[in-house]
Amino acid sequence: MAGSTLGTIFRISTWGESHGKALGVVIDGCPAGLALEEAHIQAFLDRRKPGSSLITTTRREEDQVEILSGIFEGYTTGTPLSLMIRNTSQRSGDYGNIAECYRPGHADLTYDQKYGFRDYRGGGRSSGRETAGRVAAGAVASRILKQLGVDVYAYTRSIGPVEIDDSRFDRSAILSTPTAMPDREASLTALEYLETVKKESDSSGGSMECVIEGLPSGIGDPVFEKLDANLAKAVMSIGAVKAVEIGDGCQVSSRRGSENNDALRMCDGNIVKQTNHAGGILGGISDGSRILLRAHVKPTPSIYRTQQTVTRSGENTDLCIQGRHDPIIVPRAVVVMECMVALTILDAMMINMSAQLDRMEKFYK
Amino acid sequence: MAGSTLGTIFRISTWGESHGKALGVVIDGCPAGLALEEAHIQAFLDRRKPGSSLITTTRREEDQVEILSGIFEGYTTGTPLSLMIRNTSQRSGDYGNIAECYRPGHADLTYDQKYGFRDYRGGGRSSGRETAGRVAAGAVASRILKQLGVDVYAYTRSIGPVEIDDSRFDRSAILSTPTAMPDREASLTALEYLETVKKESDSSGGSMECVIEGLPSGIGDPVFEKLDANLAKAVMSIGAVKAVEIGDGCQVSSRRGSENNDALRMCDGNIVKQTNHAGGILGGISDGSRILLRAHVKPTPSIYRTQQTVTRSGENTDLCIQGRHDPIIVPRAVVVMECMVALTILDAMMINMSAQLDRMEKFYK
Amino acid sequence: MAGSTLGTIFRISTWGESHGKALGVVIDGCPAGLALEEAHIQAFLDRRKPGSSLITTTRREEDQVEILSGIFEGYTTGTPLSLMIRNTSQRSGDYGNIAECYRPGHADLTYDQKYGFRDYRGGGRSSGRETAGRVAAGAVASRILKQLGVDVYAYTRSIGPVEIDDSRFDRSAILSTPTAMPDREASLTALEYLETVKKESDSSGGSMECVIEGLPSGIGDPVFEKLDANLAKAVMSIGAVKAVEIGDGCQVSSRRGSENNDALRMCDGNIVKQTNHAGGILGGISDGSRILLRAHVKPTPSIYRTQQTVTRSGENTDLCIQGRHDPIIVPRAVVVMECMVALTILDAMMINMSAQLDRMEKFYK
Amino acid sequence: MAGSTLGTIFRISTWGESHGKALGVVIDGCPAGLALEEAHIQAFLDRRKPGSSLITTTRREEDQVEILSGIFEGYTTGTPLSLMIRNTSQRSGDYGNIAECYRPGHADLTYDQKYGFRDYRGGGRSSGRETAGRVAAGAVASRILKQLGVDVYAYTRSIGPVEIDDSRFDRSAILSTPTAMPDREASLTALEYLETVKKESDSSGGSMECVIEGLPSGIGDPVFEKLDANLAKAVMSIGAVKAVEIGDGCQVSSRRGSENNDALRMCDGNIVKQTNHAGGILGGISDGSRILLRAHVKPTPSIYRTQQTVTRSGENTDLCIQGRHDPIIVPRAVVVMECMVALTILDAMMINMSAQLDRMEKFYK
């Protein structure tokens, strides 16, 4: 089904395979009047590009975005934005043995099971390259959110056993460390760890967090369209994510109510929560405070060790994956998480505009 | 917006407040030909009823379901099923002080922020009673899944610090222990813990798991409609859930690839995974093996201690909640998780039927 | 599939069969803050009740609506409104022969073809009684539209060969003539015609129109969600409607451009169309002028003549329908058309609120 | 909102402006296993290209389609198909005066009203060129339908006063006459008429029909998702269509039941309708017989006469449109109608697969 489509009012459809002609996204429902040029989107795409030779692949992925429609005289027109990125570096020799056998931890098997066959070139649609379309769309959503006063940013929380220390949190480090960690010390330790992992022909898992600041209260809908439910879906839809937490997340299950409730106090005429265990969302609706999300990412399944697997024709075999693969996905996935969150938040803000009749009356009068 | 609606083909709309006239659900898109009577639904609703006086409220919630439409001569007709549960035990004196101030950890504040005012009787729509409609619908979905050979069951994994021991796993205990734990020993320990918590006017968090067995491979769609993404949304939409894990969940972030990949081997002509760290889903698509989900639930926010909060008119106040409240939500939420998973799985199975052209040809020939 | 669900943000799900326990609708996404009581909805339902013994059935359909949820202290809360109408007059003896054979012009055959069997009592879900849920929901939509300054009204344009004369248009007659014609003279002629038709054991077709006044410009979306496209769907979804026209409708196909274009002129600072052949919509978007829709309704298929048909077991048979049936549907369908238009317009207005970024900024600042 | 997106399971998103860089469509939800190459799509696109210099514009619109994703080794993979058509012949000088004033009968005014400004180059997104994306997607849907045994074809019924004679119906003429009429005599008369119209600097309306043959019974859903309702929406969404009829359409409103009911008889073990006034759909569900649809298309609003209009700044002005415009839209719109019908039918067939539980069981066993 239409699994590559996301959103109700701000709706995106991504397309493209790892080794096809191009990848891209159509954004349908973008508000008119946003000043937009390719450079704004390129800045986001550059964050998911392979960077440091140590922790990301050395493949050359240029990912130059082209805006094909939806802009006139520098502004969005309200009609669909079509964004395209040509694939330039696909090499046909890379995936020979993958055609015949299933890589453990990859979606090779399940694509065959679902569709009867699959595009095995570099993982096809199940490749991480699929996220280029998400990031291109997320760049537009982020830009709109910025104009609405909402700030969304993600970063690496941990790499294997190495975690950031919140007391050293430095937002500027996110974009300048190869790990996307907001803690330069932890980043150095993590890089050392990754070097070891790589030497051992292995890979590492990690975790990432995303913060939303400045979101008005009242965003999100009760019951099934809770803001946290939609954020969980958005983040879990990123390949390799196996767990999503909101606020204090998993910790709440061993807590008591007296520890976990966030007391309320007035402060300069505003309601202020004394703590934020809930992570900014109550009953699925934003309360105006900081929202925090965490995602746990599995280690890159492509490792350079011999692994047991089976062939398409049903025979046991040993597989040794070739090619260039990141020992960790997280530093490049951070911008994907940020984009998925931005897309979800923006759609929820658009939907929320008709929640109160008197605000509709004011809008249309 | 339409936040109380779930599903694409098997679509449900729940309605009703804690202390209104009734609650219910409309199921639109149920296949024709299912033998169904009220008793099938009632059995599920009874599982979320208050039970043991120790850990659940002593409120009398009869929750008798009535099927108002969609059945003819004992079978579903393909047209909407309307299921209604009359509220019988609402007592108007229970919620006096809640009208004027916001209970910490509840959605009182955010409903006011979103809608300009709220139905404060027992939490209104944000009450746990809202889940009665989900469970009624989930009972129907589960019954269909059973006929398709799919088995879904949930249980309590932990209550506060007390966790089940998998070596003692006993499925029959789920329905017979007041904790919904599949481990009778752990259940007794947990009940002791809850007694302490209750004496201290406090409440406890906990965790629950859901297992899907017999699901065909190929269910779920790439990119945004991944099966795990939709399951995460479904489970996170249950009030008080703050984290969702698939398979090994949070643990993967500190692992290496060599530990986390599931090797494949042929076994009696079938592909068999040697381990199941992935939890039965690869690339968002079921691989035919067992699916495992975990949810972390916060402690009941209603505790009998004095808490700091503010009034609607913006003044600091101290609140001491009255009434009857469960010291833990999990044992009653287990059936809600099971139902949300069943609803999600069934819809995905319906959508999947057109994934391959030759299967469509065979269907229509 | 979920065919009984309509709308994106203001979403309704209707349910119920002709001779089941009850019929109803859930409205999910209604804005908070609308003053609403049962009498407001009842007034609409009364318009689709059988009235004059001459042209509508003498069945007693009380159609008393009950609001089960979504209202608090007289106002909508933003959560789902559940509206229910108990069936009171179903008589089991009415439909004996219908169980075994297919009534020509009815959906008996196609329901069997689609679902494998059907609820044959009074047509089940394909009965005109299904529209009670639409009207209950439409009453709420209309009430909101009124507060937004939008006026929607429908009426009978023709009954068989008898058409209204626009020069005698009298809106007050719509609710006071048994034909729902806004022309008392034509109404009398039509009643005479219907008397003849009835004597001849026959039935009559007719047409109806709906007018929207006060709709702001800019409502509706380009390409597939054009306002006229959604209106056409909404109106064509009413049983027995076989054609839908917008503005001058069918006439345009034999016209020239010079006759059909609507010239624009400034008038007191406003843009005014000199004619309105387009019917108030250009490129699928409202232009701020009057919108006109027309629907053609087939004659009631239930007639008292012997008709050729076949049985479920595949034998030719002659059928003579018993029971009480209107010789014409149109006078009772007028309020259904009005409601379907109101539901469509309101949803489009809600969706339109995020079309311009600067209006979003103003809303959220 | 997401107005450029159509369909639930077979979902398309079109994009692109008349004079932008490119136009295209993303098809999300296409079944895997369809043999597809660019030539299959090109054949459909060629049918909407300007052809005869007499009745269509002399603009050179090459409309070469490129498949960017979703195909592997000649077959669809189940993942999104991205189809792109580069704009090659846009000339910037064509639309000077349109920037400042509103062309009567065009969407210039309403786009400005909705979005605050518009892309005025050649009509931007409201241009007929927008339909290239629809046709590219429709070509894919048609190809799938053919494999499922469903045949969809459209043709011109009338041009101004000139109508085809059904007794001369010749399907082969549809693709070989410049009018797309299935009646060569009528086509010649129509061409003469168009010559006159053109000489008088005017344009002409017309009508078109679409036939569906071989559609299984049971397709379409009750109430709001009736097959005829969705077909009406699909066809009304084509620019310039002002009326849609199903079966005998408008004629039914002046008929009696005894004339309009279609009697049923057994014939070689099959149920056969003696007539087909209903046009193959009863209660919104296909009955297995031939489906007939008719659309009325307004005259091209661009005419070479001086017309009254207003400027963006609110002044009266006289406008004389320059450039090259078809005197009639219908012959090129015929393939658009055919494609919109194909897209609608295919999506309904996919949705229908889960209507009966025992057919689901058979599918999944």
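For reference, chains read A, B, C and D in written order, and residue numbers begin at 1 within each chain.
Rule of thumb we're sticking to: a contact is a pair of C-beta atoms (placed from the backbone, for glycine too) under 8 Å apart; a residue touches a chain by one contact, two chains touch by 3 or more.
Here the structure is a predicted model, which is why all the values come from computation and not from measurement.
J.: Name whichever of B-D and A-D has more C-beta pairs touching across its two chains.
T.: Most contacts of the two pairs: A-D.
J.: Taking each chain's centre as the mean of its Cα atoms, which chain lies farthest from chain C?
T.: A
J.: From the C-alpha centre of chain A to that of chain B, how far is it in Å?
T.: 26
J.: At what distance in angstrom does the C-alpha mean of chain D lie from that of chain A?
T.: Inter-chain centre distance comes to 38 Å.
J.: Could you work out how far the Cα centre of chain B sits from that of chain D, in whole Å?
T.: Their C-alpha centroids are separated by 45 Å.
J.: Got the chain D residues that touch at least 2 other chains?
T.: Only 1-5, 8-10, 14, 29, 32-33, 78-79, 114-116, 125, 222, 351, 354-356, 358 qualify.
J.: Touching chain B in the complex: which residues of chain C?
T.: These residues of chain C touch chain B: 1-5, 7-11, 13-17, 20-24, 26, 28-29, 32-33, 66-70, 72, 75, 77-82, 84, 114-119, 121, 124-125.
J.: Once bound in the complex, which stretches of chain B touch chain D?
T.: Spelled out, the residues of chain B in touch with chain D are 8-10, 29, 31-34, 76, 78-79, 144, 147-149, 216, 222, 349-351, 353-361, 363-365.
J.: Which of the residues in chain A end up touching chain B in this complex?
T.: 1-6, 8, 14, 102, 104-107, 109-111, 113-116, 125-126, 130, 158, 160-161, 197, 202-207, 217-226, 228-237, 239, 242-266, 269, 271, 274, 277-279, 281-288, 296-303, 305, 307-310, 314-316, 351-352, 354-356, 358
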